[in-house]
Structure formats: C-alpha cells, structure tokens
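Per-chain numbering from 1; labels A, B, C, D, E, F, G and H assigned in written order.
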Amino acid sequence: LRQGVGEVIYGAGKTPEQIDRIAHTLWEGGQRAILITRMSEAAAEAFTKDVPFEYFPDGHSAVVGAQMEPDVRGNILIITAGTSDIPVAEEAAVTAETLGNNVERIYDVGVAGIHRLLSHTDSIMKARVIIAIAGMEGALASVVGGLAACPVIAVPTSIGYGTAFGGVTALLSMLNSCASGVSVVNIDNGFGAGYLASMINHMEESK
Amino acid sequence: LRQGVGEVIYGAGKTPEQIDRIAHTLWEGGQRAILITRMSEAAAEAFTKDVPFEYFPDGHSAVVGAQMEPDVRGNILIITAGTSDIPVAEEAAVTAETLGNNVERIYDVGVAGIHRLLSHTDSIMKARVIIAIAGMEGALASVVGGLAACPVIAVPTSIGYGTAFGGVTALLSMLNSCASGVSVVNIDNGFGAGYLASMINHMEESK
Amino acid sequence: LRQGVGEVIYGAGKTPEQIDRIAHTLWEGGQRAILITRMSEAAAEAFTKDVPFEYFPDGHSAVVGAQMEPDVRGNILIITAGTSDIPVAEEAAVTAETLGNNVERIYDVGVAGIHRLLSHTDSIMKARVIIAIAGMEGALASVVGGLAACPVIAVPTSIGYGTAFGGVTALLSMLNSCASGVSVVNIDNGFGAGYLASMINHMEESK
Amino acid sequence: LRQGVGEVIYGAGKTPEQIDRIAHTLWEGGQRAILITRMSEAAAEAFTKDVPFEYFPDGHSAVVGAQMEPDVRGNILIITAGTSDIPVAEEAAVTAETLGNNVERIYDVGVAGIHRLLSHTDSIMKARVIIAIAGMEGALASVVGGLAACPVIAVPTSIGYGTAFGGVTALLSMLNSCASGVSVVNIDNGFGAGYLASMINHMEESK
Amino acid sequence: LRQGVGEVIYGAGKTPEQIDRIAHTLWEGGQRAILITRMSEAAAEAFTKDVPFEYFPDGHSAVVGAQMEPDVRGNILIITAGTSDIPVAEEAAVTAETLGNNVERIYDVGVAGIHRLLSHTDSIMKARVIIAIAGMEGALASVVGGLAACPVIAVPTSIGYGTAFGGVTALLSMLNSCASGVSVVNIDNGFGAGYLASMINHMEESK
Amino acid sequence: LRQGVGEVIYGAGKTPEQIDRIAHTLWEGGQRAILITRMSEAAAEAFTKDVPFEYFPDGHSAVVGAQMEPDVRGNILIITAGTSDIPVAEEAAVTAETLGNNVERIYDVGVAGIHRLLSHTDSIMKARVIIAIAGMEGALASVVGGLAACPVIAVPTSIGYGTAFGGVTALLSMLNSCASGVSVVNIDNGFGAGYLASMINHMEESK
Amino acid sequence: LRQGVGEVIYGAGKTPEQIDRIAHTLWEGGQRAILITRMSEAAAEAFTKDVPFEYFPDGHSAVVGAQMEPDVRGNILIITAGTSDIPVAEEAAVTAETLGNNVERIYDVGVAGIHRLLSHTDSIMKARVIIAIAGMEGALASVVGGLAACPVIAVPTSIGYGTAFGGVTALLSMLNSCASGVSVVNIDNGFGAGYLASMINHMEESK
Amino acid sequence: LRQGVGEVIYGAGKTPEQIDRIAHTLWEGGQRAILITRMSEAAAEAFTKDVPFEYFPDGHSAVVGAQMEPDVRGNILIITAGTSDIPVAEEAAVTAETLGNNVERIYDVGVAGIHRLLSHTDSIMKARVIIAIAGMEGALASVVGGLAACPVIAVPTSIGYGTAFGGVTALLSMLNSCASGVSVVNIDNGFGAGYLASMINHMEESK
C-alpha cells in the first residue's frame, strides 16, 4: 500500500478466525486502512466488530479502519464488458478507493453493442487510468485501449464457458491487443489492477 | 462448388507439375471454373497456359477457365483488421468471386481505431454476409458481429507473435464472441470462409 | 433476435429472482418472445407466471410470451451424434423455433453406425440449414458436411471423458473438417447455432 | 520383427554412412529381411549395393535382403483419407509386406465424400486388420471402425494446417472414436501400425 | 460385441431408471449377454432383477444374462502398475470375460519395482493379448511391450496428481513407447481395451 | 505516440521497400519522430537517406526525424535478467527515448546472483517506472516488483530452451508475481513496454 | 526408505480402513518407522492405536512406530514462499525427520519481500540440502539456488489462481531456473522432496 | 562451479568471437577450468588456441585449461535410453569430469529391452549418483530409480516425433516417476544434471 498507509489481507483460503486475528493484529500495530479481499459474507458476519469495519459485498472485500480520502484529481475509470464481471470490478474499485482514489464505474458495455460503449467516450477520454475488465473474448481492452489516451490495465475474468477456458482466452486476447498502452494482470485479479491503477494515478506526488 | 460449377485444387504440398496435371485433367473433363488455392507464384509461372488461366497473387490463388458472373444481388463484405491479413482475405475474395458473388473489401480497420471501422457502418449494415478476418486478439469479429444484422464468418489468421500462438488466440477470441450470428472456420482458411459465404449468399435459389 | 422480435436472457449464473425480474421488465417493455436459456427447472418453477410462460426442460430453456410462427419455408435440420448431446440440440431447437423456423430433429446417428445416418440422407439433402452436434471425436460434422448442399453449423459438446477434454477434441475436429460449408461455434453453444441458423434461413427476406 | 526374421533401422537422424554401416553389420550377422524406415532418397542412392537392396520411395523405406513371402491368408487393408497421407501409408505397407503379409491399399477416401468410402465396404468387411490413416480431423477411423468387424489401427498424420496442430487433432479424434475395436499409435507412425497389424494378422500361428 | 452376441450400455450419465429400461428392452429383444459399464452400486441395487443379473463392483460393471463361455485357447493378460488402476482393469476384465475369453490378472507390478514385474515374465511371454494399464508416468506399457511377443493394448488411467494431468502424461508416454506392438486407447477406457483384446483373441475364427 | 508526436512502423513482415515508402509518406505528411521497430540491418542500409535517419542496431529499431528531447524529470529504468534479453530491452529503450524520456539501463542482473541486482537498489527505488525484462523463469519481475515503489512493466522474452516454451514460462511467472504493482505485456514486446512506460512517466502533464 | 528402515503408505484414495490394515500388516512384519502421507484427520482419528502412532496435522502425515534419530550432522533446510505452502513443506519435513534428519524451517519468505529472505542467508549458506517450496510464480527456487552452495530441490505447489494453473506455472518456472544445482519434483510432492533430501544428506554413509 | 574452480560459458546464441573473448578474459582473470557448453565445431575450430583448449565434439563442449582431477571416490553413472540421447549425456559427462568426478557411461539401454538394462544392475547399485537420460516416453528414469539406492537425476531429451512434443512427454513422465529419489531438470539440460550430480557427489567435503 502507499507510504504509511496500510496492509492487504488476501482472504482466500483463510478461515474467518485467521482473517479476524490477522486484521486485529494489524490494527493493534497501528494500521488504519486495512484491506481484506476475497472475504466471504460469512467471514464478514463473523468478524469481531470492535474496530471500524465495512464490508463491500459486491467486491467480496472489506476495510478495517477507513478508506483514505481521495488525494488526487481525476478518476480511475473501471469498465466491464458484462454484469458477471462486476465482482472483479468491485474488488478493483474497493482497492482503489481504499488507497485514496476517485473511481468511476461503467459496467456492462461489451463490444458487441459498441454504441453503448461509445456513449461513454467522454469518460474514457478524460480518465487518468482505466481498468478494462472482461471475460469471454476480452475484446473490450482493445477497443478501450484504442479510444483512451491514458494507461489501460486489462483484467481478464473467468466468465464464460467452453473455450473461454476460465479466463485464458480473455487473457490471451488482452496480451495481443493491437492498441498501445495496454498491459495485463492475472485472471480475476481485481486487487492487482486497483493497486497498480492507484500507483499510476499517484505518479506526480512520487516525483 | 455450386451445382455444375467446378472444382477446387488445394495447391499446398503439391508440386507445380501435379497442380498442372490435375487442372488440365479437370479442364478436359469439362470443368470451366477451376479454382486453385495456395498456389505459389512459381507454380503460376510454370503453369501450361494452353487453357484460360488467371493468377491472383494477393490471394495466392488462380482460376482456370473463368470466374462465374455474379448471380446474386448484394455483397459479400470482407473486412480485415490489418494489412497482414490481406492474403487470407484475398483467398476468400477470389473464392467468392469465382463462385459468382460480388465482393466488397474493407481492409485494415482493426478495432484499436474503432472510428475507422465505424466509418464503414453502412457497408456493414447492408452486407448479405460478412467475412471478418483478424489475427492477434481477433476482436474484430465481436465488434462487427454486434454491428451487423447478417451472418458473420470469422477467420482467425496466424498473424502476430508471442502469445498470438499462430492464430490460436484469435480463434479462441472469435469462438467466444459475445455477438450473436458469428461462426468460425480454421486458422487462415480464407477458402472455407469464401465458400460458405457464397453458399449463404445463394440461399434463396436453393429453396 | 430478428427485427422487432425479442430478447434473450442467458440464465447461467443468474438467480431465479434475477431472471424473473429481467424477464418481467422486458415484458413490460413490450417484448413478446423472450427467450431464456440455461434455465434450471428450479428457476422455471419459481418463475412468476402472471405472463405467458413455457418451459422446455430438454433444452433447459423457456419462452416468455410465445414462439413466433414459422415464416420461412423449409427446415432447419438438427442432427446429434449421441443422446447425451440432446440438451444442446434442444437449446438450439427452442431458439430456432422461437425465432420462427420449422425444426426437424434427427438424434443419435453418430458416424460409428454410418448407415443409420445415411438412412436420413433425404432430410440432409433437403434441409435449408443443418446444425450438427457431437461430442467425443465430433466426426459427424465432416460426414454431414460432405452429404449436405447447405450450410452446416457444427456445435461441439462437452460429452465424453479423458481426451475428449470437455469438448475441445470435438471442436478441433470440426474446425478441421475436410468438408466445405462447415463453420463452428463454441462448445455447447446451442443458442448460438440456433440463432445463426435462423439468420441464414431468413436470408431472402433481408435482401 | 517376427521370430527369426529381421531387424528394423530407424533412419531419421542417422547419416547415410551410419545407415549403411548398421545395415551391413546386420547382414553380416545373418539377417535377411532388414527394414529401413525414414530413409531419404539421397541415403538410398548412397547405399553400398553389394547386398540385395530395394528402395520404396513412396514410403521412404528400404529392405536389405528381401521381403518375406506372405504366410497368412487374408489382407491387411490400409485406408487413407487424403493423398497427402500416402507416405505414412506406404511406410505401413512396406513394413507389413516385409513381415509377410498381403496388403490392400485404398487411398484418398476421406469421409467428406462418404460414398467413395462406402464403395469399398466389401474390402472393409473382408479385411483381417485395417490401418486407417488420416490427418486434419481424423474422422476416417470412426467411420471405418463402425463398418469393420476386425481390429482397426488408427494412425493420425501431421497433414493439415492451423488447428490441425501437426496431427494432434487427428490423434485426439481417433482416441475418442465412438466405434469399438479402434486403437491408436503415434502421429505419422506408419511403421508401428504396420508392425502391429502384422502381429495381429499372424495371431493364429503364435497359439 | 461379437456376432450374435450382445450389446453394451454405457452407464455414465444415465439414471438407474434409464439403464434399467434400456437393459430390459434389449433382453426382451432377445439379447442374452448385455454388458453394462460405468454402473454405480446404487444403480445395480435399484436394478429390477426379474432377469439374470450379475454386478461386478470392482469394475463398476454388470452383465444381464450371462457371460459367454470362453471359446478361445490362451489368456488375455491384464497387468496394472498400481492398485488404484484396478477399477479400469476390472472393467476390461469383465468386458473380455463377457465376450468369451479367459482373463489372467497381474496387478500392482509397476516398473519402479521391476523384479516384481519380471517374476511374471512367463505369463507375459505366453499371453495371446496383453492389456497394460497405468497412470502416473505410464512406463509399464514400454517394459511389457519389450518383454511380450504379442499385441499390447495400453490403457492410461487418470491416477496421479499434479503433472499426471488426469491421465494425459500416461497417455503421451504410452503413445511414445519405444517398444513395437503397442497401441493405445482413451484414458480410463477399460471397456475399449477389453473389447479390442477379445477381437484380437478371436482372430482365427474370423478367417 | 504522444500528442502531435509521430507514428510507429512495425517493420516485421514488411519489405525494405514497403518500410521506406511508408516512412517517407509519413515524413511528407509532417511527422518528425517516426519510430520503426523490428527493422533488419539490411532494411536500414537500404533505406533512402534523404531524410534524417538513425538506426539503433541493438534494438533493431530506427528513428526518422529525431528522438524527442526528454521533457520529464526522472528515469525510466530498464532491467534485464540476461544479455540475451538486450534486443528487447533496446527496443523498449529506443521507444521511450524517442517519446522524450530519460532511460537508465541495468542489464544482466538475473536473480540467480541476487547481490548484483541488489547493488542497484538505489536506481530501483528512485525510478519513476521500471521495465523488467526476462526469459527463462522470469523471476526478475517479482524481485524487482518487491523492491520498487513504482509501476513495474514486465516483459517476458523468448530466451531459453525446452520448457521455456518461447517465453510462455516467463509470461506465466510474471502474471503470477506475488509483488503488487506489476503488469505484463506480450512476449518480446519491448515497444509496448516502452510506450506504456512513457505514458505513465508523462502522467502529470495529461492532467 | 533407508536400508532396514521402513515403508511409506500413500494415503490419498485409500479408506481409513485400508490405511489401518496396511499399516498394521507392516508393523506385524517388523517395520518400526512407517510413514503415512496424505492422511486426513478423520483417518488419523479412526486409526486403531494399539501401536505407537503420531499424527502430524500440518503435514497431513503420520508415523507408526517412531521417527528415526537424526544420524547425520547438519540440516535439511525447508523454505516456503507463502503460508499456504506449509502443508507441502510439512509433508517434506515429516518425511525427512522420519528418515533421521534434522530439519530447519523458514516459512513465508517469498521473493517479493527479498530482504526477509536475505535475513536467512546464513541458514541458506550452511544447509546441507535445501527444499524450496513455492506456488504462484515459483521464483523462490531461483533466488535460493543462487544463494546456496548445496543441492536445491524445488517443489512447485498448487497454490494460486487463474494462470497459476494449479502449480504448472511454478513448475515451469523452477525447471527454467537460471541457478545451477536446482532440480524439480512433481507439484505438491513434499514426500518426494523430503525423501530425496534425506538420501542426499546421507550420502557419505553410502560410500 | 566448485569453490575456487572455474566458470561456465553457455555457448548457444553466442558468436565464435564472443565465446573466444569471454573465455580469454576469464583465463586472464586466473580461471583454469573454464567449461564451454553448446559450442559448435565451427566455434571450436575458430577458437584462438594460445591457451590450453580441449574440444569434446560428442558433447558439443570444451574446456579451457584442464578438467579437474577426480577428487571423490565412486562414480557418477550416466545412462541413456537411446543413441540419439548421447549428445546430452556427453554434455553432462564433460561437465561432471571437468568438476572432478569419475564418470561411467552406459548408453542405449532403453526399457523396451529391459534385459540389456538389467545386465548393468551392478553399476546401478554401486553408483553414487545416476543421471538417467531419455526422450520419447522417458520410462528409463522410473526403472532406474527403482533399481538404484542413490539419487537419480532425470534429464528428458527432445528426441522423438509427433506426441514426443520435443521432450515434454519425457519430462512429464519423469516428473511422475513412481520411484522415490528421482528429480528432474529441463529438457536437454545435460549441463545442469552434470553440475548437480557433481555437487551431490562432493557432499561430504562441504560438511
């Protein structure tokens, strides 16, 4: 996380008790913006709420303490091809918001209905960083990459069936994007995209 | 080929002499629109021109006899994402023209510059069948499929490097197209696409 | 869907409530032939039946409103190699019927018993479009493609074990069909095949 | 090779001199039916012909000494889908003939023209063992396996392009054959098929 | 199955009721040696036993009517590398016995303890056909193939973890066996191996 | 390229004449910083030098006109694991320099000699963007990503043999980096990395 | 196991009863250090404890009898990248301890925080054999291999998601390690690594 | 290389001049046992022989200075399945000899002729470390691993065709070896195996 900011707990494969203990230990150590990703609703319910705790069910994520105030101008724009991609998008959004960014969301604008996507051209042109999220054939990254003047972080998702191969097709598609300025993270890795987007969005300060 | 029409010789892996012999045998058997695909310039030069023979270098194809007169209204539209895809496109075009179709060509309109593609929306809306040809991430098929009201035959090409995997990425992308009305043929199979497009374009006659 | 016709809801990954809500919203918006695919029996039972609703259990699909009257002459012929392929076939059939096509079904005529398939040569020769559905080695598409004079849409299914690889073997086999006029859609994509078949079957009108 | 019969030299990756030396050493050791596979024409020309030597260019194979007299009734039937599969077929044929079998050849009867294949139903029904050889989608094995009452050895070939993947598609297709009595050998392994076919054809003697 | 013999029902993916119905229909049609493979214990228990019925739990298979009397001299030898391969072996054994063969079983003699395997050299040398069954690295087929003078049918199994890839490693290993006379069937396909072994074992009669 | 800046010609698969023509056309159109990547020495020699032209042999790239003056403070740091990765690194470097960035190069500091890499910790900590380039196991990206506070663009290269699989292993490794702030581009895509690095390095201006 | 030492039971896929029976039979046969791997807590609880029995829940392993006294100087060092890799590490540790080795454990020192790993340089330099265990990108093996002067056995684990592909990425990464002295075992094969490490650690005695 | 010993130059992808220069620089720096692997005969001939230089053509390797005197008792045993595996074996042998080990070679004892391998059981039982080298199905590693009491380093080679997949099949086979004490290095990595074998063979000294 950003300097003096916090920690991230990757909740997958951890029991509610383990998450609870790690988070409280970090809190006691002075952390005030602890992000927990891949946290089930059950784990969120079981969490000992003697510390500030907010759960974001759409992104299966939580924050212990509080999200940081946005400290950069402009938006991180998060775009998804379908509605099934939203959990990954929200993991990215919660991550970016926790790290002090304004997030704009445009969901379900896959390229098969290109005019819906194009109706958001303004947002795309004005964004400081874009996170493009898609499963199936992952074509969204190329079209958005072509429209945008800013860095595009492409996130393949495991949405689809048959030859979608759990996100591999979208990944390959995104790696071969004919648009410049596009890079890729692991399948379903909303956290990684949100983190990197925040890093890029905070560039000027680090100079 | 269409009823009473002709034959196709697949030139790959055949010597110029073999192609020459097969073509002349078919000609003597009465065929008058013999298509030869995957024919090298060398093979075309070596061909014994005592029969009507036209070579189409861009599509590495030739016709012995003559292409059939277009006998259907409307166009088969062939679109490519890049210029490197043109040999496959021309293989499709020569095939479709030989089988009696009007062909409209729109080349190098990949989705990273979506406005160039959109400037052809009229052609896309009016086409009777579309052949969408792309390598790399193959996203063209999805965008065209979303714009078009007609059948779209997607042809992945072996253009690209690294994770383009010789056309596999484009193929997978096209198979997962989120647009309806899209089907796919083998990598680089311009002939197959042209043949099927002609078949669809001639539908009404076969009723 | 065809002009002024309807919408499709992809039920996989949606809760019964979500499907219910989307369908009713479309109905209220005036749609009268709403197709729902990948709908479980449970979701069908839970559906609020204050609108005309028919569930087709074999194809795991439903129609809200009514299927359109067949408005084209001739048949879409749906052929499967095995009985396990029938759910995919019925998804295609319900889709095509909803879109106003006559559908002829020939099931369980895999190529290992070639004479059963050949006993249907008449139907194959007379069809306007054929949907050939097979898992395992997917050889059906090649044999049917060789017999038929019309477009063949091949649908690989995830039927088989071991090196069937969930439909990949059938897919690859179909992409390499030595018969002309064959194109392929994603594994188990009965909807896509039915939709494209309808589009081709309605060709003459769109001229 | 069969009891008291001979040896096989796999010529691929060996220099003409190495093949020459090994063959002569075997000859001097008393072998009288030495099979050499994957032997180039150049190697055949360079061979020191002070021993009986016959080269079979179609199968890129040679015999030092002489092929054995057929000592079993009935035929090994070798069928190929295309003409490009013939080198593999001839490797199988030379192997089987060298080992004392009658071989019947039926070439270029791929399943896309099923009636050409069916015109050979008699040969298929009467064969003692069948070797079915095909590249591309490899569907031949399933159709032949369905017609035949005898063991079918399927040989995938590396013929094809794109998703033929150098024989992998044909291999997978053959492994998933829905016909009983079909087994498979490595891609392009004509020798292995010919050897196994001979072994099966000589079954009764070994009892 | 062999001439005038019977039928096979592939139980996987069928309900107990479906299996019951198909089997009884075949019985009523006069079949007297109906093999059912991939049949769960539950399905066997639920089977209506108004016809002769024997269930073989180790091979998850059953016979309706009776297995045929062995009508050929000599044995089909079934060898497995591990104990986990036994269900596949027993599927092969039940199949072969139902078709009228004597079966000899040698289980758990993987090549890492080569002397256990070698202590069975006599059985290997005397067998008429061998079925070699192994998961993991599948090396058994090569060693047995080298020892045996008869056809070896190799069956890869899905036993193993990690890079065993559900049987793919064993399959590849077997296809590349450096021993002659080895061919391969699909992963876990005990039935196919048993059927082919019986076909080969009955060779002399079909002459 | 950056606003009002220039164009890029991808030289692979183009003849020297084609490159020459396109570059001159762009020059005549007013472009003054035309980047040509994947240009062979032969093409560079054949280039008509009536326009300012500089060839960078290590990166197989050229600039027609002139590279832009660095207009941002700080460095883009390019790190490679081996010396064989240098051509990809130089493609990235020439791209970034052409687009107006200072580039610092640290080559041949693979993680198997971690202390050589750590001796550059200062450069890594001070960089504004890092491009980490590696073939074989691609571990460099993870270690650098852990040390750096800035965005890391990982470029897998096709260096290695056997299971390096032409860059696939490095790619997969980089996609799974346990360090945050790492994203990935296509195998050997030095241009893409240099372009994106420049975009990020120019962030503040675009605000 | 080492001369006169014991036996290993691979518990995966065996019922508690089967494990119980095999272990007791071995005990009665005189074995006094029987290792059981992949044993569930349930199986451990059900075990008939009329023989000395110790269960190690972290490594899902048990010993019947007793672990051997360490009989070699120096340590086998086991290092993991993450906490999720600990079960594999403990399988290796229990194996090595049972075979008479001292084991040092350093867990959760992945390369993204290289300084944590480097703080253990002393242990790495002094170890006699190292087992490096990692999932995701598996980079640990290369860094440790570069630091260590002793043999490094790399164990890929199935930890990770998306393109971690169940351990394949870590495996490929480890096979391509640029450090010398590194070899690899199957994914999650803690037992194999512990066994081999013990064998190497006992080298001098076997001389 | 071992303490105070030398360096290794990986010759692949380097020009003769580059190799020459690096080797002379190392020599001038005081190295006296410089190993060069993957060195072509042409590069060896072009080498400036003003320093002691010996080329080993079978292993495509050279030593500048001199190989070290064997300083450990016992042998490293190198076994290959075929003659085509010898170049990899000799790369391992030259490496191990240069590092001061006695090497025993047993070549061309593949498991299809198990008795040839078994005739070397004595050597296998007495070896201190074994390097088992095989392409195709790679079964050698399992059989040798079962016979040997010492560590076995398995090296898959790229020998074979079709489904040998350039060494991948042998690699997978070796990773799944059912024998304990076997680990694996990259395809064709004779150097890595020789280096690790020497490290293990020198274990006692490093204590």
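Note that in this section contacts are C-beta pairs under 8 Å (C-beta built on N, C-alpha and C of every residue); 3 or more make two chains touch, one makes a residue touch a chain.
Remember, predicted model here, so these are calculated numbers, not experimental data.
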(request) Would you mind naming the chains that touch chain C and likewise touch chain F? (result) A, B
(message) Can you check which chain pair, A-C or G-H, has more C-beta pairs in contact?
(response) G-H
(request) Indicate whether more than half of the residue numbers at the chain C-chain D interface occur in both copies; give same if so and different if not. (result) same
(message) Need the CA-centroid distance for the pair chain D / chain F, whole Å please.
(response) 52
(message) Rounded to a whole Å, what is the gap between the Cα centroids of chain D and chain G?
(response) 48
(request) Let me have the rounded angstrom distance from the C-alpha centre of chain B over to the C-alpha centre of chain G, please. (result) 57
(request) For chain G, write out the residues touching at least two other chains, lowest number first. (result) 162-164, 168, 171, 175-176, 180, 186
(message) Dump the list of chain pairs that touch, please.
(response) A-B, A-C, A-F, A-G, B-C, B-D, B-F, C-D, C-E, D-E, D-H, E-G, E-H, F-G, F-H, G-H
(message) Residue numbers of chain G touching chain E in their complex, please.
(response) 12-13, 156, 158, 166-168, 171, 186-189
(request) Sort out for me which residues of chain F touch chain A in the complex. (result) 3, 8, 73-74, 128, 149-151, 153, 171, 175-176, 180-186, 192, 195-196, 199-201, 203-204, 206-207
(message) Using the touch definition from the top, list the residues of chain F that touch chain G in their complex.
(response) 81-82, 110-114, 118, 136-139, 141-143, 145-147, 160, 162-165, 168-170, 172-180
(message) Per the contact definition, I'd like the list of chain G residues that touch chain A in the complex.
(response) 84, 159, 161-164
